[in-house]
Structure formats: structure tokens, C-alpha cells
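So that we are looking at the same thing, I have put the structure below in C-alpha cells.
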């Protein structure tokens, strides 16, 4: 069975990566400073927390649902993380590392509540997660009273400041997160069940897949990744407040779709999300680096996103989208 | 849980009392001005409800504003939660709707302090307050063509801060630290916001005097820490070593800038900010920031409420006050390493007690239009 | 069976219960003036939600509505002096056109509406920034009053905005219930493939739905700029999520073909009541957002008719 | 070994199962027949655990059991082979086979894909299917999917110690004659391991395969027939409660068509993929049947006539006029009506009322300047509900709640009421019970009498032979042979099969 490389399927599958490379070439051609190790590291730092959010929401999108709770969820876990960190001694050298598992647990807990409201109350995920997002943001405001919570621990901040091969530690943490997500999605029962639910929920149910539980665990996992994102965001900025999670919602969902994860479920994976996030952040970085006027940037991002999505959609396999 | 219930009952009784008072007021004035509009001629109010309408509780700035409002409310012998919080979440639409709801609830028997969120929103807010016969004092956002004196007594005053001069001053401090030459980047607020425009103008004014200083780039970071960090790192790629100084439109952006530089291992970059938030003042003391500008939001929050309240109860009649008492600049205090410790002790560690009946004392002259 | 019958009326009932609850705490809330004023204030948001209903009714979403309204406030403020009354058709035409663009990318290029409308929103925002020169603009107050003053006045105790809202609602309701367009949109929402196999030009109807959404977002922006006598590229921020919430709470789920514009009217009122209930219950500032979220969950749980959702995704 | 005793199930006011007794012996093949709505599918759902009975007992080897969900039933050895389309398209073949049962292939939580592929090959061998277990399911043909479906259920063989009960729900509806034979052979071989419950509308197949046949009507078992103890006609009589016309396909009503009026002409049409140089002509009053295996191109040809597909080369003429830019809208305007195979997906819009569905293709007629006259629409719907004897409470009833036969009648009314005179019927009787089928056949003759030309893809060869004036046999996207089907000169099934294969 001779495999042809230049098939339509292959073109579609590799389109996001090609778009990414094309954009990088374009920006480099205009300003060679774009393709320097320093700048790539800058893009990586900016993208790392967003990547974790996007990976989290990828689980949800693959099963055909949507999650809009990330902004609230990140704000709340980031704020709680800072509180816990300070509470446990304020430095990793003391007991503050305890804050990490605690906050991962909190993130998973928020995801669980989200999932329960969605699955048990039978409220579509769009609405359930939107409302839970409001509640979480509200809770973050409540616990901070609107103040900024700072972390001043050089050991913890090594995530940002300690570089290996030119890239800070947090980039490797995010990369590890992607690998974990890839393993879960591609090589575990639960991961494959997510695809099954996304491909045909009723059919999966009839095959004995406990759809409710898969959904629930999906939301828990997403919450977990949001918590990782929150920790990275705190590592990046050294502080948390009730708006720490702002702007992540549209950013993360756009990124996953640009990378080739289908919003209707069942298609795509962790690598798609990685490429998608990189595309969006390369565009954001590149537009400033090549000196595009600020008022053009939003429009340009929109145009490029549409082009990327058009190129990476297998239009033969779908009859319509909504 | 029990405290929650207690709080709830307390609030319940207060709102009931408000209602009784409000209806009493409605009866005594024997006219319900809110109904048919045109309540401008209403006499002084008795025990008006007091509200602060502002953006959100997610920042130190608005927290200080509210703390000032609460301090004022306590100064007239009311509990802190007598002050009603109208939070607009950055939505002009909600700002207006909430204020109208408050006017309706109190039947116009109220004094409101307000930042209208976007300058065009100030006019309809003032119109609504005038129609209901309430009193309002505003800060920050209003268009140049709307003036309190065009609204009788009901739009008591508008306070703003002239950011151009202080921003120019911080810019000079910045340039001085740079040795009078090199490139500057400016990270601005939401581009269309008035303060964002003024703060950038201040920087531009300062640069005119220094031929060796170049404004490399100025882009909006939307008052946001995260955007500040991202934008700064992008500037670093574009301009690299050419950047010798950073001019930030507010403290939050500066936090992001400092972290972006920290990630690159760049230390000692001259940075100036604005707002004088506690964290920023600490950074000035630590040498991470050269300067920030304190606008005393605590006083602003208190005095704005006080102006509306006192006009409402008839302590003074706004229309008889001179124009510099209707539209004026708020105080600004430059905070550099020199003053930081003193400043912190005086304004942050312990909040000074203000005389809320001294309405215009610390103010800074009538607002000028170009 | 009786509960089944009740289900379609749940949005109404939820609204009435909410009004009654707030009224019980503070009877001033129930004064007609107050209720009418409350309804009048929510009109710009309602008009945007009305437009969104069309996008959501066919199973899509329109995230460009807020940026669209922003851009329109800028355009209206900018061109009022030179175009006069003609600024209104210009704004609506621009909204319609940009909605068409979103629709085109969604239906013909298979870009999910979530993405295409977000992208068009970005373009709108850029245009607003460029047109306004990145600053807040104000309308000439006398000209505004002369040309559009009727929009924001009062007739008796009824705010004129309500007449506009009711008029638009009536038009949309007529479109939805009595025109081929409305019927086609329902068919597209409930069974796109069957609609196509019946010979309907599905693509064109879908594009039209997004175009209507864009046009109504423009009307919302226009009304808002008249109300505020000015415009800015960010002035309508904070519209989008409440508008989406209004549509959803009204009982038009994102699965398409269920609900409609009347539901959105109720949903918008529910949002308005929940909002002002914060004031009447004296919810503390730091708690308001959280309470809003919790009430929202309860309201949605009450108002959606699950029997019409085959799958809950 | 498996027994149901006095099972009752109610939905709201509807008594779906009335005191049903049912049992399957070890190694037995039990047929289950009944009209649509007789309660077959409810009964099946009770058996495989999707529904829980309101009262009555489920016994396995004499012990009462209770299944809360299909999973628990599966663990007891009860498996279900669904009708087509119940595999998840974005998963690989092997993942579908072991879906819900993958634990055996995980090591430290991760899959051993090679081991799973090996096991999948073993399962596929059981059904004589040679496909790559790692291939995505979406690339398989209908028939292949059906066999994968069976392979999936047969994994129970390894999983369960005891006896198996396997439900086959309309397993043959998408299979070719040969594939049906293979399936039956497999099923018989497997009786040493499993018992089968076989549900089908094709009486001859049920008679051929089953040891005993349960006949259901109105939610109750009305008869149990042992092999060879009854005839198709007798069983059908019990099922329907009325006598079945010997003239099943209304052959006596087949009149010669009008060879002068050409409604559809395809001239050397080729489509991307498989259709090559297809030419055909449809005349007024003619029933033209396309016969071929799955994937031979029947559906593609219909969709080309309807304008959903555009030919790469060749021309399409509707009523003599060439079609320049084909769209469904254009086709509908020229009087083409399309009754698609996927009735629930493409035929009706669930959630819309009967009258809304009926006028969907012809809204223009009921609207002035885009405004609908619903009064006229309702009148039309009431008229056709009567004419087609559609069983529905009113014209306002939700189409999604009607039975399959009534839904099909709505689809047919939609086109007939709009005056369509070129009808494309893709498996119009699929999944319908005998009564509804006969109604459809009558309608076909009525339409022919009115001068309507019909292109038909029939459910069975008998149906094709019985109904047609002309049969075109397709193979691999090309016209293989054309048969004249004038009554008395009709080809035999053997003739057709010979041409097909």
C-alpha cells in the first residue's frame, strides 16, 4: 500500500504547522530580530500559561462540549495559590510547595463542580460553565477584596528566571503538560473515551461507556490544567488578583480551533492545540515586532485566524458548521 | 454562616428603614419628582441614601476610592454599609442602568458619587439624576462639552486629575535617570481613555526638551499587568538595547514590565509609573520604580461623596458656588525614592483623617479645556 | 403531563417570581414607573440580544455584536454632523454587511461562527480605533436632540426606548413566526440537512441570520450612542456576555431551533431584574458577581426546557 | 436460559409493553417481528438494559436480574448489534470493537496498541472481514461497518464465561445478498456459543433464520411460531391484523409509461469518486429503479439529479432543459422531489410541525412578499393528512414524534402536494412496517398514474422488480445492464444478481 504524501488529508492535517512556519518566515523576513533565541523564548513565556488553558479546554472541546469557566477558574486558583503560598511560609524552601498540590486539587474541584452542574442538572456546558466562571471570578473578588497578592520567592520565581538552553523553566513545565495531555488523549482509556463521546455520545453510551463520568472527569482534568496555568501565570507575574484570568477565554478557544481541533468534537489533539497557541502568540508577538500600528492589530489577528482555520478545515468531511 | 445571616438581617432592616425614610421624604415634599421628571427645583433632602458607582472591586485604586467613601459615611454617623456600591464592571450600560435603578429605589432622595466609566456616559447619568431630583458628583470621565453648571444644582461637581503635568514630571525624572539620552517606550492605558491620552501627552511634552531622547514606540497595554508584560517583551525584541527607559501609564502595567524585564535578567532599567498604589510605592522604596504619582483616591472617594451629600442636604447650594468649585482638579503627589518612606507612613500605613466638610481644600484649580 | 405543559412557560414564571421576590423586599420596586424605567434602561442590551437570538436560533453564535456596537457608536458620533439622519441607515447597513461577512465565512468557508464572528469583531474594533483616532467622541447635543431626541425621551411615564424595543420585537416576532425567512431559520436550526434536502438555500438563510444579528447590533450601538450622546471604541464593552446570558436564560439554547425572540425579551428582563435585585437586597460589593453567577445557574436550570434538548453537550 | 416474565413498560400514558413473556433457549435463534410501534424496539431496549421495566421479572438461568444500564447487561453476556451507523466514525476500527472494554489492553494505564490490533484482527476474522484494525471507521462501507458491529458484540465470547444473548436489530438492511448469506452462515455457526434474537422487517429472512418467531402487536406478544409452522402471509396477517393483498407490489396497476415525455436525462455523467459515464432517461409515468450494491453509486446519481452534487463532466437535463449550475433549489423549482434514505436526518425536521414540514420545500407558494399564510398551510396539511391517512393528533404535531411510516408519508406529501413530478425515492420503505410499505407502494402507483417519473433505489430486489418499469443495474459507478420490467416480462432476481456481481 504505497502512501502518497501529497494527499488532501495530509495537506489539511499539516496546514496549521505550515501556517505557523509561514508566519514565522514572514515576520523574520520583515524583522530578522523575530527569529532570535531571545524572542522565541519571549513568545514561549507569553504562551506558556495560555497553552495550559488551551490544553485544558481541548479535553472539553474534543468531547463536543465547551468550557467558558477558565477566566474565573484561573483567577480564583491563582489568588488561592498566592494565599496558600504565603500561608505555608512564603518560600518553596519552607513548606510553601504544599500550595502546589493544594491548588491543583482546588482547580480539579472547580472543574468537578462545573461538571456536576453540567451533567447532573443537565444544563448545556456553554451556560453552566459561563455561570460557574462568574461565580469563580466573584469568589476571587470576595477573597482578595480587590487587592493584589504578591509572591516574592526567588526559588519559586526560578520558573521564570532560571533558563535551560535559553528557555525558562516554566516553558518546560508547559511542554511537560502538553506531553501529559497527549498521553492522556491518545494512549489512555479515558482519553479515547473523550473522543468516543465527541464522535457519538449516544453510541458511546450504548457501548457501555459511562458518558456522564467521562464528561465529569473531562471537566475535572480541564480544571486541573487551568490550575497549572494559574500557577505558571503567578510565576510569570509574581502576583495574583481577581483579574489574573482575564482574556484567557477567547484566546484559548481560538487557539485550539486554529490548531485544528474541531469545535463540534472528536477531532484534534494536544499537538494541534500546541501549534494553535503558538500561531496565535507568534502573530501577537510578530505584529509588534514588525511595527504594525496598534489599531490594526486586532483586525489583523482576526483575518489571520480566519485564514488559518480555513486552511486547516477538512471541508470534505463536513456538510455544515454552526 | 451565622455572621452572614446576621449581616443579612442587618441589611434588611437598613433597607427597610431607607424605604420608610424615602417614602416619608416623598410625602413631605408632596411631589414625586422622579415620576414626571423636571425635579431640578427640589428643596434640600433629608437623610439621602449615598451611593458610589465605580468600575469594579478588582483593583487597589477603586478599593481606596470606596474606603474614602466609607470613611465619609462613618463621619456622618452611619455604618460603613450605608454606602451603596454600584459596580459597573466596565460597562457604561450597566453604570447608567444601576444609577437609574438606584434613583428609582430611593425615589431621588439620594447623593451619588460616580465615575461614569466612559466619558460620553456622564451626560445621560447627569440627566437621569437631574430628572429624579437627586444629587451627583463625578470624577474622571466626562466629555468636554458637559458641565455641572448646565444641570442646575443636581450635578454638584466634577473632579478630574490633570495627568499631563505629573506625567511630564515623571518623564523628566525618567530622562534624568537615563542621562538625558536614549530611547523610551511608553505602555499606555486603554487607548481611548482620557487619562491614557493625557499621560502619553505628558511624556511627549517632556521629550521635546531633550533632543537626544527618542520615543521609540507607544502602544496600549489596557491598564493590564499581563498585557504590560507581553508588550514589554515584544518591545525588547523590536528595539532591544535601544530601550533605555520605560514610561508606564499606570502601576499595574509597570508590574508587568518589571516582570518581563526580570525574565530577561535585565535589572536597573529606569521605569516610571502612575497611580501610587501601595505595591508601587513599595517598589519605589525598593528602587524598582523611579517614581509614581499618587492621586489620593481615598480622599477623592470621600470628598466626591461628601460633595454630593452636602449639596443634597443643603449645606451649600452648588449653583451659588464659583465654577472652580464645580469643576476642579484633584490633588497629585509625586512619589520618588526621596519621599517614598515619608509618603508611605503618612498615606498608606495609616490613613489620614480628613475633614470632609473642607470640600475644596486639597483641590488643584479649575479644569482647563484646550 | 401538566408539568410538561408548564415547561414552556417557565421563563415567564421565573421572571414573575423574581419580580415578586424583589417586590416583597421593597415594594417601591413594583411601582409602574420603576418597572417601566427598568425595562427602558435595558433596551440597548435587549436589541443586541434580539440580534444574537437569530444567530443562536440557527445553532451559531455572534461574538462580534459588542465590537460592532462599539464601532457604530464611533461612526454615529463621527458622521452625525455631516450625514444627519442618514447616519442611521448607514450604521445599519454597515452592521448588516459585516454580519454578512461573518455569515459568509461560517457557511461557505466552514469557519465555526464562534471564530468567524470573533474575528470580524476584531476587525470592527480595529476600525473603531482607526475611525475615532483612539479617543472618545461626543455628538453635538443639539443636533442629537433634534434628530434622535425622540429615541430617548418619555411619553407619559413610558420611556420612548420601550416603543423602539417593542417595535423591533414585533418585527422580529413577525419575521420568526410568519415569514418564509423565520420558517427557514427554524428548519436550519432544528435540522439543517433536512432543510437542504427540501431545496432551501440554506447557506443564504444562515448568512441572513448573521446579517440580521449584525444589523441589530448596529441598532443597539446607534441607540446607545444617542443615549450617551457620544461614542468610543470601548464604550459598549460589557454588553456581550449579558446579552448572551439574556438569550440563554430566556430559553433559546445553543442547540438551535428552540426558543425565539419572545424568549429573549423575557430573558433580558430576567437579567435586568437580577441586576437590580443586587441593589434591593443590598448585596455587598465584593459578593455581587458571585451572587449573580449563582442566581444565573438557578435561573438557567429553571428556564431551559430539557425535553427539547436531545443531547446535553 | 434468558427469560422475561410479565414485563410491563409505560411512557406517560402510553402502554408500550403489556405483560410480555419472552424466552430464549441456549443456542436458539429467535425472530422478533411486528409492525413499527408494536413494541419491538422497547422490548429490545429492556433486554439490553437501556430501559428498566415497570414491573415483571428478567431471569437469567432462572435467577432474577436487573440491569441499570447497557453496561450491566453486557457484563451478563447480553450484546446488541445495532442498525448501521452505530460505530463512532472518528475512532479506529479496533477502538470501536473494544469500546467500553479496553481495560485488557492497558499497561500502567496506557494502551498497548499492538496488542489491541492483534485482538481486533482475531475478532474481525470471526466475521471474515479483512480491514486494517487501525483504520478510521469513517472510511468503511456500510456493509463493512455492519460486520465490525457484529465483531464488536462477539468480543463477548472472550469476556463472558457463560452463555451469550445477541440481539440483531435489522442487521441486513444495508447488506447485499451475498453479505446477508455470509451473516446468516456466521450466525448459525455461532449458535454453539450464543443465542440470537433477530429483529427484521424482511419476513423471508426471519423465516429462514429463526427457530421460533415472536409476533408482536400493540405492545403485546400475540403469537409464537416455531420453524416451519406458519407462512409469511399468516404471520403478516397476525402482525397487521388484516389480510395482505396478494398483489403486494400493486403490479396490476403498473401501466405503460409515456415514452415521449422525457423528465430527466443524464448524458455521460461523471462524478468525483466513483461515477463514470452514466447515462439514463426517465419518462413521465415511469418507475426507474437503480439496483446495485452499497457504494455502486445509486445515491450519488439521485443527488446529482437533485442538484446536490455537480457532475465533473456530462450533462443533466430536467424536462428537456440543460441544468447549468445545479442546486437543490433549482431542482425543486423544476419539480424534482427527493425522499432521502436518512429520513430522520434529511427527510423531516424534528421539532417542526407537520404543516411546517410539508410546506418547507414550497414556502414560496404560501407566502406573499415573504409573509406566510399559515391558514392555507394548515388546510393543505389537514387535506394531506387525510389523503395519506397519516396517524397524527393534528397538523400541529411535532414531526419528530411520529412513527417512521408516518414521517415518510409526511415527506412524500411534502413533494406531492407541491406538485413535484420527478420523484427520487431513496429506500423509501426502509424500516417501515408492512402496512406502511403497502401505503408507499400504492402511492408509487398513484404517482405513476399522474404522470410522475420516479427514480427508485429499492430496499430489496423483489421490491425493485415488483415496482419498476425499468431497472438499471449499477456496478462500481457504471451502468452494467438495463432491464425492461413490463409485467409478465420482468427479470428474475437471478438475472439481476448476475448483472450486479
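The chains carry the letters A, B, C and D, assigned in the order they are written, with residues numbered from 1 in each.
Definition applied: contacts are C-beta pairs under 8 Å (C-beta built on N, C-alpha and C of every residue); 3 or more make two chains touch, one makes a residue touch a chain.
Everything quoted here is computed from the prediction, not taken from an experiment.
Counting C-beta pairs in contact, the pair that comes out ahead of the other among A-D and A-B is A-B.
Among the remaining chains, the Cα-based centre furthest from that of chain B is the centre of D. Taking the mean of the C-alpha atoms as each chain's centre, chain C and chain D sit 43 Å apart. Chain centres here are Cα averages; for chain B and chain D they lie 70 Å apart.
For the pair chain A and chain B, the distance between C-alpha centroids works out to 35 Å.
Chain contacts: chain D has no residue touching two or more partner chains.
Among all residues of chain A, those that touch two or more other chains are 141, 145-146, 294-295.
For chain B, the set of residues touching two or more other chains reads 57, 191, 220. Every pair of chains in contact is given here: A-B, A-C, A-D, B-C, C-D.
Every residue of chain C that touches chain A in the complex is listed here, in rising order: 58-60, 63, 105-107, 109-116, 118-127, 129-130, 134, 192-193, 196, 202, 241, 244-245, 248, 253-256, 286-294, 296-297, 300-301, 304, 306, 309, 311-313.
The touching residues of chain A, when paired with chain B in their complex, are 31, 33-34, 36, 38-39, 42, 45-46, 141, 144-148, 150, 157, 160-161, 168, 233, 236-239, 241-244, 246-247, 284-285, 288-289, 291, 294-295. Within the complex, the chain B residues that touch chain A are 56-60, 62-63, 191, 217, 219-220, 224-227, 229-231, 233-238, 240, 255-256, 259, 262-265, 277, 279. Of all residues in chain D, only 50, 69-71, 74, 80, 82, 86-91, 95, 99-103, 106, 109-111, 113, 138, 152 touch chain A in the complex they form. Contact residues of chain B toward chain C in the complex are 7, 11-12, 14-15, 19, 22-23, 34-37, 57, 66, 81, 84-94, 96-98, 100-102, 104-105, 107, 118-121, 123-124, 143-146, 190-194, 197, 220.
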